[in-house]
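Below is the structure I would like to discuss, written out as structure tokens.
As written, the chains take the letters A, B, C and D, and residue 1 is the first residue of each chain.
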Amino acid sequence: MIGAGFMGAAHSQGWRVAPRFFDLPLTPRMSVLVGRDAERTRSAADTWGWAESSIDWREVIARDDIDVVDIVTPGDSHAEIAIAALEAGKHVLCEKPLANTVAEARRMAEAAASARSTGVRSMVGFTYRRVPAATFARDLIADGRLGEIRQVRAEYLQDWLSDAEAPLTWRLQKERAGSGALGDIGAHAIDIAEFMTGRRLTRVAGVVETIVSERPVLAERSGLSGSAGAERAAVTVDDVALFLGRFDGGALASFEASRFRTGRKNALRVEISGALGSLAFDLESPNELQFYDATAPATEQGFRRILVTEPEHPYMSAWWPAGHMIGYEHGFSHQAKDFVEAVAASHDPRPSFADGLHVQQVLDAVTRSSDADGVWTGVEADPAPADVPADDRAFAAS
Amino acid sequence: MIGAGFMGAAHSQGWRVAPRFFDLPLTPRMSVLVGRDAERTRSAADTWGWAESSIDWREVIARDDIDVVDIVTPGDSHAEIAIAALEAGKHVLCEKPLANTVAEARRMAEAAASARSTGVRSMVGFTYRRVPAATFARDLIADGRLGEIRQVRAEYLQDWLSDAEAPLTWRLQKERAGSGALGDIGAHAIDIAEFMTGRRLTRVAGVVETIVSERPVLAERSGLSGSAGAERAAVTVDDVALFLGRFDGGALASFEASRFRTGRKNALRVEISGALGSLAFDLESPNELQFYDATAPATEQGFRRILVTEPEHPYMSAWWPAGHMIGYEHGFSHQAKDFVEAVAASHDPRPSFADGLHVQQVLDAVTRSSDADGVWTGVEADPAPADVPADDRAFAAS
Amino acid sequence: MIGAGFMGAAHSQGWRVAPRFFDLPLTPRMSVLVGRDAERTRSAADTWGWAESSIDWREVIARDDIDVVDIVTPGDSHAEIAIAALEAGKHVLCEKPLANTVAEARRMAEAAASARSTGVRSMVGFTYRRVPAATFARDLIADGRLGEIRQVRAEYLQDWLSDAEAPLTWRLQKERAGSGALGDIGAHAIDIAEFMTGRRLTRVAGVVETIVSERPVLAERSGLSGSAGAERAAVTVDDVALFLGRFDGGALASFEASRFRTGRKNALRVEISGALGSLAFDLESPNELQFYDATAPATEQGFRRILVTEPEHPYMSAWWPAGHMIGYEHGFSHQAKDFVEAVAASHDPRPSFADGLHVQQVLDAVTRSSDADGVWTGVEADPAPADVPADDRAFAAS
Amino acid sequence: MIGAGFMGAAHSQGWRVAPRFFDLPLTPRMSVLVGRDAERTRSAADTWGWAESSIDWREVIARDDIDVVDIVTPGDSHAEIAIAALEAGKHVLCEKPLANTVAEARRMAEAAASARSTGVRSMVGFTYRRVPAATFARDLIADGRLGEIRQVRAEYLQDWLSDAEAPLTWRLQKERAGSGALGDIGAHAIDIAEFMTGRRLTRVAGVVETIVSERPVLAERSGLSGSAGAERAAVTVDDVALFLGRFDGGALASFEASRFRTGRKNALRVEISGALGSLAFDLESPNELQFYDATAPATEQGFRRILVTEPEHPYMSAWWPAGHMIGYEHGFSHQAKDFVEAVAASHDPRPSFADGLHVQQVLDAVTRSSDADGVWTGVEADPAPADVPADDRAFAAS
């Protein structure tokens, strides 16, 4: 695993726990953790259970005993590492966003397509697809339970920037993070809406901006928190993005990514309305799916709160009895399971690097629309790689 | 209408509004309001829209131009007035609780039975049966959608006594109110549970007590509010009651009536669990019914929040389009409508005085159980009057 | 009252009930109902309690014994009637939208300004401002409890067009209705967002469209329902509108009006996020306001579900004890009360015709943006009439 | 760890994960898993990550390299194993219920008291205390935020026996399980209510019964599921229990344990009402606590939904950023952490074996009350062991 920050803890938990609950065809070994600071990386490796640590990712991906490279660094280094790893014949799981630019993402998708021809697998880490309620939402839609999809509302709301004195972290600096609310959390909203509906955005129109443009500089870089000094510097990424979208097939959508929605901590909320029914999901109640079946008798229609914890629900037979909840990191176990199974089965997992490129193209179109006074802007469309199946359902729902 | 307190406003609104929305076979005229103080009663009659006022209820019920007597006085005067009115050949609607004692209630039920033989109708005002969501709950159960009923939880929770300095009102004085939380709000919980399930309680076991036993005396009697003086006096009714119950048919139940459940303002909540499904109702969300259908596929089961505002729902075609809510006093319009229709159709409306007697018998059994250290105690059972149909569904759901 | 359709029932209930619960300085008399069909109008007048009926509105507004004209016709006739009534010296309450075009609305606002100088009052019927939870939301924001407002989400979601076979009614015909989802329900979302925040939209960017473009024609015009024949005709208004907005002061907003959000019956939902707190309101739970106070200790922050039923809440002391809910039509009683009080106090009530004009200008800007491929478009700004106070708080909250 | 069933998976996850997220003073090693069937136990040990497996628990607790014994067998074997382990000087964590009888539980508590004098620690696994929202509820009450506690409602509702054809498992057989709904889930309701309030039940009155008295026998014993044959046998434990309770200090309580509450999967729900506020918790929304602060201004009171995911909340700084949820098994990590810390600090952890004995005494009193026709029955009170502190707050909330 390359990267020793917050996402490293989550991915480590995924690799650690997946083989304890799922009957995997291959057993992942947590070999080497790669970071930038030798001491810190060694400490993190000990804490998280990696056998070795290193500060030289190139050396690690050259090793014969490494089969899989999991990339959890900030987005600016994804392309270089992922392409090198793919070229070295390693299966690659890369945290989202796939890259900080469309150009990088395209090179990665191309590298993934090349590698695929030699049996090398790649996947981008839009983990929320693997929240069972989200996967089950996709299943209901794929089964036609909502009929024709007419409207989608997808929003990812947080509030940790509501306080104008919240400090400047790397996530607020363009050179590291690439994008702000749009790229970091808006990307999730886009991906999950496309995943659930099985549709892709073709046009968007919106606005991206920075509400609080200067923040206190941390005395030393220390991740998401830290004591702020008197010095201030510019926030160089957006902190809010609002946009409308059009899906192939015609459905209209409305998106929002914001870190100023006071009281919303991690509210990835999706509402999908079809001719025959509706769904609503909120990541702050991750074990629930609201489903409205408009084919029921008029007197009995209502949003039903499905606890997505039955053994028949996606992924859930591996865990606890019905009604016992799972949490944030379980998605990473599901991701690890699906990735391992894909590798074992010589199957290309989803979301693919091409999917990640597409999300990047949507983000780019939103930014271009914002720059063009909000005019509707086409999403650049790369032909989907031929060998990735349109539906990864078999893999996600087992 | 006899009585000019809080319930008078609600009943007046019922009589005033019902003919504006429902196509009634007879048109109620709001003739005389009877109170105890001439000036206040005249003022209330003006405010509420009664043509005349009086302080002599005996004179009023003797009038030939009066067909219906609506009794909204405190419980200690119900028996005398209702029996006199029935004997005078007036149709009687009597606010709950039917009476302050079982003996009074029995005399009233007997008077109602006698009057019935001469075409005189009577009804007791358990209005919450006529909240459309409650009526619809009854319909679902009557239709077998819950299967065999196994368990019932019914509670009526308020908090206006949480403050130990809340003043002593007539509702806290046994000679006026007869009972406290048990008789005033517990009676509703009992009635609605029996109404929804179509079953009667046969045995109970519980405790009735007074948590705050002394309260400030109001400088002058002024209803529910007022400035409290330094003087204190004993609260002579219960302020909390908890009891278990057994329905005919065997289902177990648990009841609670409390005015100390801080934050619950008017929470008449009922959960009914059957072999095939469940229902949950909360009067604080009166336009909703939660319904769980256990015959749905396992992955799709969930409590569905039905907005009981469709024209197909009980009473609702008279009001607004779907999704437009109704409030507390609408139940009084439904009551007025059902009562008028019953009179016009020479039909005996429910809940009957016999129903009101039965609730009183349950309350009495709870009190006896409490006095007997909580032992299970049989509910005295009067034979149901032969000419009241077991099911008033035709009248309530139109 | 001019107009005998659905809104007539609601306004009639407002006039009927307001004086029974509020202590009004003047007593409204329900004199004449004016419709188009003599027989139907007479019948409606009887049902709703108007003393007379007429089919000649010009004659009625000429009568000396008429002081107030309440206009509840479709929007295409608002301007003509309202201007004539104002010129005749009648106080005018006009249902929203103020008019079908900006030009008409401006003429009405000008007429209102002229009339004002002679002591004639006018108001537009954005009744949802007078849902106590909405008024209380405004109060909290005006008191600074949310701090600087950063973001607003306002949506009005219905689903009665989800069924592609729902028939063509006058609300779907441009010549009668003027606008569809945008003008009918989007107008409410705009008004309530502006009311709560005390800010006006200055720019918008969006899309307005018709999802189902042909529908069955009703055999005869019969309002909202009816049996559909085989014939089909074009829907000539929009049925969905999505737009972004910018408030004066800078806050970003996102709006949606839709009749395809399956399962949402009457969901006027607003979320307002500020630096110090947030609010959320949903008309499907009209007695509740969700309030998040970000100044509380971190461990104790949470959206609190305030039951807006305390006597200290706006309008509520007139109704029932805490925890007893009110419904849709109560807003019309509040509107009647506020209008009567304004007339009696020689005060100009809000929302004024100028407010109604402004909403129309926002709608117009949204349409122009939609026509211009979604580009940000300025809202035409008329100078606010000088004699309408910026804040009607004193009148709404009593 | 002794026991290889369902709870073994949960405890294993606790031991495995705790040291990865918490900075523990001692590092647990997962040494030996003990089961009854050699092959199955070996397989479970591999899956769960135990270094060795064994079928001889006596041999294992005799080993010098074993410091801690974790007992997750059915209740009938707890006493024998736990006492032997304590006498062998091993720290013991014993799954709840502590034992199947009061007599066994008392012997265990005595053994724990003896062992304590030689520095040996013991704890019973009422894990739900360690759900952060539950711990935080305790903290709020301990801080006086609810004022004097007046009422408690605690219920643990499931529905897996709603289906009368659900098969007979060991949990329905008295000789293995000791008790049914009362002992298995009612015990949790009792413990969490006492934990949150800091009070102990002194008297109870209730009913314990078996709603479905015969069920299909499984072809072979296979845990919680299996294909049912034609044969039927008696259910020998209760499947529902309802009781009232009195806490020391006087608060009244109402309890329910049921496996027939259709639609409730794992609903451990607690509502606690005090003079100054209220709390509500539901294990089906485990990351939330509803808190009502009655000291707020009347207009601003409301149940607030606190997401108990802030770093300042108990246990949560170890996990993810605010708004990222945790699941069922996290409680086992918290339990492992607290136990390890107690051992390292020579501190006696809670809940102690004495606490477990007390719960058993409450269960016993409920059963005796049920046998005595529901009469109020005193809870046998053992003097609390002197050296267990009354409050384990320091340990649970860090």
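By our rule, a contact is a pair of C-beta atoms (placed from the backbone, for glycine too) under 8 Å apart; a residue touches a chain by one contact, two chains touch by 3 or more.
Composition by chain, UniProt nomenclature: A, B, C, D = Gfo/Idh/MocA family oxidoreductase.
Everything numeric in this text was worked out from a predicted model, so none of it was measured.
A.B. asks: If you take the mean of the Cα atoms for each chain, which one ends up farthest from subunit B?
C.D. replies: Farthest by centroid: A.
A.B. asks: Please work out which of A-D and B-D is bridged by more C-beta pairs in contact, and write that pair.
C.D. replies: B-D
A.B. asks: Could you please state the distance in Å, as a whole number, between where the Cα atoms of subunit C are centred and where those of subunit D are centred?
C.D. replies: Result: the chain centres lie 54 Å from each other.
A.B. asks: Could you state the distance in Å from the CA-based centre of subunit B to that of subunit D?
C.D. replies: Computed from C-alpha means, the inter-chain centre distance equals 41 Å.
A.B. asks: Calculate how many whole Å lie between the centre of subunit A and the centre of subunit D, each centre taken as the average of the chain's C-alpha atoms.
C.D. replies: Centres of subunit A and subunit D (C-alpha means) sit 36 Å apart.
A.B. asks: Where does subunit D touch two or more other chains at once, residue-wise?
C.D. replies: Residues 264, 292, 301-303, 307.
A.B. asks: Which of the residues in subunit D come into contact with subunit A in the complex?
C.D. replies: On the subunit D side, the touching residues are 6, 9-10, 12-13, 16-17, 20-21, 47-49, 158, 160, 224, 264-267, 284-286, 307, 309, 319-330.
A.B. asks: Could you list, by residue number, the parts of subunit B that touch subunit D in their complex?
C.D. replies: Those in contact with subunit D are residues 146, 150-151, 153, 159, 162-164, 205-207, 209, 211, 240, 242-244, 252, 254, 256, 258, 260-264, 271, 273-278, 292, 294, 301-303, 369, 373-376.
A.B. asks: Contact residues on subunit B for subunit A in the complex?
C.D. replies: Where subunit B meets subunit A, its residues are 136, 289, 291, 293, 298-308, 310, 312-313.
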